[in-house]
Each structure stands twice: as C-alpha cells, then as structure tokens.
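Two complexes, one shared chain (subunit A), two partners (subunit B, subunit C).
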Partner chain A sequence: MSVHSSISIIVMLIASLAAGIDIGGSAAGAPLQPGEEPLGESAFLEAFIATRPPGPATSVVAHDVPGDGGRQIAISWTRSRDDGAGDDDVVGYDILRSTQPGRGYLLIDEVPPGVESYVDTTATDGTTYYYIVRAKDDMQTVDSEPSGPAASRANWFRTRRLNMFIILVLFFSFVLTYIAQARRGKELFVRRIPGLTAVEEAIGRATEMGKPVLYVPGIGEIDNIMTVASLSILTHVAKITARYESPLLVPTARAVVMSAAEEVVKEAYLSVGKPDAYNPDNIRYLSDAQFAFAAAVNGIMLRERPAANLYMGAFWAESLLLAETGFEAGAIQVAGTAMVSQLPFFITACDYTLIGEELYAASAYLSREPKLLGSLKGSDLGKAFVMVAIIVGVIMETAVAFGVAPLTAIADIFRNFFYVAGQ
Partner chain B sequence: MRREIPLIITFVAGFVQLVDFFVPHPLVANAASELRQWSVIVIAASIVLGIGNLLRIHLFERIPRRTAGWPYSIVLLAGMFAMMITGLVWGVGEGTPFNYLFRHLKVHLDMTMFALLAFFIASAAYRAFRVRNWEATLLLLAAVIVMLGRVPLGSLLTRGLPTALQLPVVTEWIMNVPNMIGFRGIMMGAAMGVMAMGLRIILGIERAYLGGE
Partner chain C sequence: MNEVSLWTGFWPFTPERFAIWVGAILTLCIYSFLYRDNPFYKFAEHLLVGVSAGYWALIYWNANIVGQLLVPVLRGGVLLPLVPGVLGLLMFTRFFPRFAWISRYAIAFYVGGYAGLAIPSYMQARVLAQVHAAMAPTVSITAALLLIGLICSLLYFFFSREHKGVLGGASRIGIWFLMVGFGASFGYTVMARVSLLIGRMQFLFRDWLGLIR
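Moving on, here comes the complex of A and B:
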C-alpha cells in the first residue's frame, strides 16, 4: 500500500468520524431506531469522495488574443479528472492572476464546471501575467500549475476578417477599374431599370394633372445608406419637378434628413435655373415617431392628392400604410428599398418597385454620369464573382457529400475562406 | 470650398469607420468611436431644426392662412407643447404627467395606426392574389399552402398523406428553400450595392446627396 493510499484512508476515517457517521451504525453513534437502516458502503464512499480533493486542472496555457484591440489574454486548460468523470464533484474553477510567478495570485473570475477556456479582458497591455486555474468541489480546492508568462498587446489587423478584407479589396478593384475605364471615355452598357424610367413618367403625369409629386425618403436616419441613396435620387427628381414646375412635397421623419433634403432640393432647383420655383415649406419635418409620421403622410396624400408618390429609402411597418393609402388615393407609385421584409408590400401596392441594389444604382442610372456608371459595372462584376463562388461551393459540397474524398480538403479551405467571423 | 469641406468630412469619417472594421488598435477604435459619438450629438441637436420647421410651417403659415386642414395644425402644436412642457417641468419618469400622456395617449394612437395594417394587408393581399397570369397563380398557390400550413387546419386536412406532402412540411420547404433563395439573393445584391455606394461616397464620386452631381 502506497503512502498516498494510507493517508487517504486515514483522512477518510477522520472525515467520517467528523461527519458523525458510524460505519455500519447510525449517525453520532446513537442506537438504531426501529425501521432505521444502518449506513452502508455507499455512505462510506460518499464521505470518502467528499473529503478527497478534486484533481487539478492541467496544461494551463495563457496567450495574447490574436488580432484584437489589446487588453485580452486567452487562458485554456484541461479539465480536472473529477469534472464530468471520476468523482464528478467539481463545482467550478477560479481563475487567479499574478504579475509574478509563484506568488501574489488574486482571484479575477470564476467559471462553471465543464469549461476549459477563459478570456481575461482586464489585462494591461505590455504587463506580463501568470495564471492559475483552481479546481474546486464543495469542500476543497486544488491549484493548477501556473501558466507560462503572457502579455496582451493591441494589434493592427483583425486577422479573423482577413477573408472579408481580401473580398473587399477585390470588389473595390473591380469598381475602380471600371470607373477608370469610364473616365477614359469607354461606353458602358447598363441594363434598363423600369422603375427608374417610370419616375419621369410619374412626374410628367402629375404635371399634366396639375398635382404635386410626393417624395418620401423613408424613416431612416441620415447615417442609413438607404437614406443617402434616397437623397441622391431626390436630386434628380427635384430637377425634373423643377423643369416641369410641379410642386414637390418631401415629408421627412428625421430633422437632419429634412435639413439635407432642403439643401438637395434647393440646389437642384438652382441648377436647372428655377430658384424661384423652390418652396421651402414643401420640405417638411413631421415626426420622428414611426406611426405619427405615417399618419401625417397619409393625411397629406388625402388632403393634397399628389398624383405621383415616390417612396425611396428605408421603410419598416409603415410601408404598407403609406403605399395602400396612396393606391386608394389613385396616385401612380414608385417605391425603392433594400428592406427585404417590406419589398412584398411595395411590390403589391405600387406600380413599380426598385428592389434592393436597384435603389443604390438609381443615382448612377439617372445621372448617366460615366464614373457612377463605372461603379455599377464593377458592382456587377462583384456579383458575378459571388455567383461563381456559390456554384463552385455547391459543386464541392455535393461532391464531398457523395464521398469524393480528394475534394474534402479543398472544400474545407473554400468553406473557411467564406466563413464570416464575429469580432 | 462650400462643396469641398463636406466631401473632406465625408471622406475622413467614412475612411475611419472602414479602417475601424479591420484595425482593432485603440488608436483607430477610439477615433471611430469619437466620430460616432459626434454623429449622435449632431443628430440629437438637430431636433431644434425639426421644431423650427414645424413652427414655421404650422404656426406662421398654415394656421394664419387657414390652409386646408389647418385645425390639425393646432392639434399638432398643442400636442408638441404639452409633451415638451410636461417633460421639462415634471420630468419623464414613472407617474409624471409626461409619462401618463405617453402611455395613455401616444402608445394607443401608435397601436391604432399599427392595427390598421391588418386591413391594408387584407386589401393588398386580395389584389396580389388575383389570378391574372401564371406568376400570380403561382403566388396564390404558394400563399394558400403557406397560410394553411401555418394553422392546425392544414395539418388536419393532410394528415393521411405521406409526410412529404403534408401541408406543414410543404410550407417549411417553401419558406426554407424558394423563399430563402430569393431573400438571400436580394440581400447579397443589396450588400454589393451598399459597398459600391459606400466607396463612391467616400471617394467623393457620388455627391448628389449634397445637392449636386
């Protein structure tokens, strides 16, 4: 019998006495009462397990989190042998940290059983730390061997986003190449977008009827790119209304958007030589509240009866409230949004709808500016790249599913490349 | 310079945010965070412009000129000032007049507007599902399957059929395969559009949103 085993038995006996267990008898040595069972082997074993310290966490490794902004050290370890196995009595782990090996360890956090990693987010960059993982059961704790030294540092590249960076560079190079071609005077073909052709028709109709044109730039804030795209379209719409001398009503849900819309419309009227036709009262701030805004725009539709309603930008639940009211008011309606959940409503209630990317392409399409058209072509090439990637991915996944082993490794690389990581 | 300054600000702000997406260093992260805070402050301060616009149009234009629906302008201004005054005098916490007006007036008005959607959806669906051509017929069929597949009746009607033909299963397939394909296609196209638009804005190629070509 080893020394360790002997000590264990002595400890077990002392513990069982301390717990008031009379092996083969009753608690505290009292005589057995009628119907009371004597404590047997299982109670003895439980007492033994309770007094035996848990196995320590092993292989504790600490290292700087790669590709982060600093202050983070990742710690990993192998679970105690009594965590999920063995005595299975580990109730968690304490994470202790020190700046000196062997002493001065302070508790920084605790994690539940079963966990084998932890990220310390309170490190000071450049300071070297040592970590201990302390396994604990209900009665005792056991420290791991300390980890090696680790220091956090701020990085200059988020390595997890390398794939996105490569794709972005590729995409930007497509766009810039076509813009350069357009600058050199190359003719670029851009397919017809019926919704945009319809904008001028709608404004023409409103002019013939002597009614105003209503332009709703969505309820997104100015930092929403759909709103910016909408303001770009508004420039072209305002120029057409200025030329036709049709009133242009622009109700807005955001004060900054109202201010930007005022500037956009005023500039457009100036640029076509009709500054006097600009009416600042037609650019209205209504309300930031979604449904108050919808109610107010519906009121404008029913009172002022615009003959053309243009909805371009970011819309949420108010989309159908607006589009259905406009439909019932008899206006010709053109909508454009990249809000996928609202598209069905616009498609149903409007005469034409710009779907997703068409909203962003609208400004280039309407202006026919070569540089902008070049960016559209570059964007199309990006889409072609995505389509090819999807087809190749599908073929590879299918081949792997059917057991074409040589493709497994390539499929893994392909899949990992297109995996989008978080932070 | 009137055009150049906004373009420079746009370039700097856009470029810093783009770099922040790839560079985690605090130097960049702090600059990006600072810029985002500025934008929040600018947007919050702009409410003054909104109030100014409301006052100009309603108090000095619509009400004095008695334009169509001018009494609504009085209601609007009364509501705005009521909320402003109660909020400024008694605060906006629980049990204050502002909170009372918000919970018992504005919330209910919002809910009323939202509830109208049910009727608008019904009328829009009626038009969308009219059988005019094969596409509309396909849409109608898909809609009927999905609507029935989402309620217990659909399950009851097709209980005796093989699993693959039961309405809830067909509904799931429609939602997860054809519907999801369309959804993702639009999302990917829109993402490309956003990237191209973002690049145009940062580089100052797209400047129509500033009121010029």
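Moving on, here comes the complex of A and C:
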C-alpha cells in the first residue's frame, strides 16, 4: 500500500469518527435511546469502503501503434483491484499525458471501468510522451506509476490494411491486363447501351429542327469520376454536333470543368475537320452556386430552346429542376448519372437514362479507347469476383447458422478478409 | 393577406425587415417561372448568378488563397503550399493560347492526386464494406430477397456479355429491383423537397406577411 493510500485511510477514519460513526454505539457518542439499534460492523465497513481510495491501475505501458500513419500511441494497463473485484467501486479511469516524466500531466481523455487499453490519437510524431492512468471512484482518485517514454511515428505500410492492398493489386492487375490486350488490338466486347443510341437520335433531331444541343456535365468538380466520364462522352457528342454543324451549348458550374470542356470540344471539332465551327462562347461558366446554376440553365432552355438536352455527370438537387424545365420546353432528353438519389428524377423526367455504371461504360463504348475499355472489362472481372465472394460468404455463414460448426473459423477468416480497419 | 398586415410587416423599417422584403420579392420573382419565363424571373436569375459569382470568388479567395497559401507561407514559413500555388498559377496560362497547354499539367496533377486519394476510400466504403455486410446468413425470406436483388443488380451492370438467356433474365430481375429502390428513393426525396417548400412558405407567410405564427 502506498504512503498516499495509508494517509488517506487515516484521514477517512478520523473523518468517519468526526461524522459520528461509532462501533457498537450511536451517532456522536450519545447514549442509546430506547428502541435504537447500535450501528453494526457492516455499517462501519460500508462507510469505510466508501471513503477508501481505489487501488491504482498498474503495469502502465505505452508504445507507438505499429503499421499506422503516425500520431497514435497505444496505452495499456492492468485495471485497479477495485474494478470488478475488491470494493468494486471504480467508476472509470482518466488518461493523463506529459512530455516530461514526473510532472506536467494533463488530462486527455477518460474511459469507463473494465477498460485496460486506450489509443491516444492526438500525439505529435517524434515527441516523447509519458502517461499516467488515474483510477477514480465516486470520491477519490489514485494515480498509477507513469509509463515509460513513448513516441509516435508514421509507418511506410499500414499492415492493418494489407487486405485492401491485396484487393487493389488484384483489381488493377485485371485492368492492366485488359488494357494491354486492347492495345495489342484484341477485340473486347462491350454490350450495347440503349441510352447511347438515343443520344445520336436526339442530336439528329436537333439538327433537323435547326436548334442547338445542350450538354450539361453536372455540377461536380473535375476530380469527380462522373465528371471525367461526362467529358469523355462530351467528346463523342461534340464530334457528332461538329459533323452536323449544330451549335453545342455546354454550361458549367466549375471553372476547371469549363477549361477541360473547352479543350475537349475544341479537339473534337479539330478531329472531324471542323475547327471553324467551334465557338468558345458556347462553353460557359455560369456559377458555382448550385441553384444559381440551375436558374441560369433553365433560362438557357427557355430562351435558346435547345431541341436536345443531355445531362451527364454528377447532379444533386438541381437535377429535377433541369429535367422538368427541359420536359416543359419539349426537348428530347437523355441523362446519365451515378448519383443514386437523383436517378429517380431523371428516369421520370427524361426520355432515356444511363443508370450508374452505364455512364462510365458509355464513355468506353463510344470512344473504344483501350484504357477505358480495359478499365471497363477489368471492373467487370472485379464484379464477378465480388459476386462469387458474396455467394461463397453467404453459403458459409448460412451453414454456420444451421450448425455446421467446423466452418465457423473459415467463415470468419473469409468474411474478415473484406473488413478494412479505419485507421 | 390585407393591407394592414403588409404595412405592419414593413414598419418599423429595420435592416432585418428590409432583408425579409428583398428575400420575399426575389422568391416571388423566381416562383413566377411556374407561370412562364418573364422579366421578373430573368431579373432574379441574373441577380442570383451575379451575386453567387461574387460570393464564391470571395469564399475561394479567403478559404484557399489566403487560408491555405498566403497565411501558411507568409506567417507560418511553410513552403509546401507554394507547390499547389504554382500549379494554380499555371491555370492562368489559358489566357495565352500559345502557352495554354501548360495548364494541362495542373489539371493532370489535380486529377491524378485525387484519384490516388479517392480510390482506396471508394474501394473501402463502396465495395469492401458492402461485401462484408452482405455476407450474412440467409435464414429468412427477406435475407434471400436481399441476396437475389444484390446479385441480379450486379449482373445488370455486367457489360462483357450480351444480356441474353440466363444473364438476360437475371439482369431483368436486377432492373426491377433497381426500379423499386428508385421508387422508394423518389418518395423519400420528394418528401424532403416538400419540406423545403414548406420552409419557404413559412418564410413568406410568417416572416414576411406575419399571417401565421
């Protein structure tokens, strides 16, 4: 027992006496009144336990978390003898940290009773820390001995994400293999996507009517994969409009997307030998603000009256505003997005809709570009892998649920292979 | 609505009251689009586009140029933000057709860097976590339906084979599952939009006209 604890017990005894607790007597030493029972030994013990400090946490160890991105130190300890046993009155532990041994400890967090580890995620890499675990009951606290020094550092490889690494390597090997095959000239089959035929029909109709084609590449940034796919489809659309000499209007909500769209349309016009038909004023930046952009595009639809509206890319709440206005204006409309929440609106208000991955497949289908075709075929193989994994996993889990015990360990390993730790 | 409520809603003339009036009139200008395109809508549309352009220019300036470039470099002495700063400056070469190609490096860096950051996150959140969650024991009709819907929907997005025969049948089931899901999503989102409309109506009838409390 530490000196601190001994002194505490003495103080508590004095306090209990001062409060009038008397073994075999009454409060404040007054004589017993008729019918009054003397305080028993158990009452004294209860009072004593209530005032006795908890046992300290012991064996406090701190070390850098291995295989992480840094800034994390793991602390472990053996819980107080009064946590789940003994007086069983520990209500939790405070975690204290200092950069100097023996002083300057500051509270960084607290954990409930029964816990024997903690990960400090606020460490600065390269700084040495010392930790104390403070056991506490309702009245008092007791500090552990300080831990040894520990410093966090970033590791080159996150071992807890090894499964993610394996899966990514597998996926990219599929993609690269198919890209190599496409580059060697192998014909890679991609099924026909009905919505794409509609794109050509819509542009043809606009040409017949002598009206422009409106292409909205969404309101996502250039880093959004849907925007990238949309620009790829824009290349195809721009080639057709260049051939037909139909005006192509491309309103954008992001400055960088406008720059990229300018490049794409200009090159498309060049590639079909119609550079003079390219009009840079038709590629417009309207606004970064979602509804200001929607209001401006609605205005274009009603004033310039495009006969074909193509919405391809990332859309949010403005999707229905655009598609409904286009419908009212009588334009033929084709949409494509992977935004699940907006697909219902496009499906209801447009003539054709490319659903989810069809948007990405469309860019590969149209361009026949080896990189895109390889990516599409590689992702197909990835999907086949995922489907097989799900079916195998479900069969094993179902067998375990029906009492096939020998499969339990294998099922757990297989399922956990697809679990990726957050940090 | 009566004249008294309008007048009491306007007086005393405070900045807050003025803002409510501006907001209400612009709301009505935008709603006039429900009838047809008209000068009021055009005015509100152009005002909205112009104000938002100025607003976002300031936001970008303060958040990106000042907050992430000027302050760290000039006050903090951190030099790393100069790299994206220079890449950003390259975008201005677009104003000079002869040197416009240089801006492609900035775009390439942006897209490539983001892809590297995003792919592991997407793979984790949208593939592996879903696969992990899908591996549940199929001991009920609901669980069996979930599994069938999942596999058939995945088959619909399989592009390497023509959708004929068994694959065609499965993908047709898949599109039915997708449409049911979209229907539910449609109803859910419409409810959210209706709540937005209610919010605007409350603004008009409570904050502006004072007809409801």
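What we mean here is this: the second predicted complex is superposed on the first by the 313 of 423 C-alpha atoms of A that agree within 3 Å, B and C clash if a C-alpha of one lies under 4 Å from a C-alpha of the other, contacts with A are read in each partner's own complex, and residues count from 1 in each chain.
The criterion applied here is as follows: a contact is a pair of C-beta atoms (placed from the backbone, for glycine too) under 8 Å apart; a residue touches a chain by one contact, two chains touch by 3 or more.
Please read all numbers here as calculations on a predicted model, not as lab measurements.
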item	value
Clash or fit, subunit B versus subunit C on superposed subunit A	clash
Touching partner for A:315 - first (subunit B), second (subunit C), both, neither	neither
First (subunit B), second (subunit C), both or neither touched by A:154	first
First (subunit B), second (subunit C), both or neither touched by A:303	both
Subunit B versus subunit C as contact partner of A:295, first or second or both or neither	both
Partner chain(s) touched by A:189 [first = subunit B, second = subunit C, both, neither]	second
Partner chain(s) touched by A:394 [first = subunit B, second = subunit C, both, neither]	second
Contacts of A:215 with subunit B and subunit C, given as first, second, both or neither	neither
Touched partner set for A:105, first subunit B, second subunit C, both or neither	neither
First (subunit B), second (subunit C), both or neither touched by A:383	both
Subunit B/subunit C common contact set on subunit A	161, 164, 168, 171, 222-223, 225, 228, 256, 259-260, 263, 288-289, 291-292, 295, 299, 303, 317, 320, 340, 343, 345, 347-348, 355-358, 361, 376, 383, 386
Residue ranges of subunit A in contact with subunit B within the complex	67-70, 154-158, 161, 164-165, 168, 171-172, 175-176, 179, 221-223, 225, 228-229, 231-233, 235-236, 254-256, 258-260, 263-268, 271, 281, 283-285, 288-292, 294-295, 299, 303-304, 317, 320-321, 323-324, 338, 340, 343, 345, 347-349, 355-361, 363-364, 367, 369, 371-372, 375-376, 378-379, 382-383, 386
Touching residues (chain side subunit C, partner subunit A) in the complex	30, 33, 37, 41-42, 44-45, 48-49, 51-53, 55-56, 91, 94, 103-104, 107, 110-111, 114-115, 118-120, 123-124, 127-129, 131-132, 134-139, 147, 150-151, 154-155, 157-163, 178-179, 181-183, 185-186, 189, 193
Subunit C-touching residues of subunit A, taken from the complex the two chains share	161, 163-164, 167-168, 171, 188-191, 193, 222-223, 225, 228, 256, 259-260, 263, 286-289, 291-293, 295-296, 298-299, 302-303, 317, 320, 340-341, 343-345, 347-348, 355-358, 361, 365, 376-377, 380-381, 383-384, 386-387, 389-391, 393-394, 396-398, 400-402, 414-416, 418-420
Subunit A-facing residues of subunit B, complex	21-27, 29, 39, 42-43, 46-50, 53-54, 56-57, 61, 68-69, 72, 106, 109-110, 113-114, 116-117, 120-121, 123-125, 127-128, 183, 186-190, 192-201, 205-206, 208-213
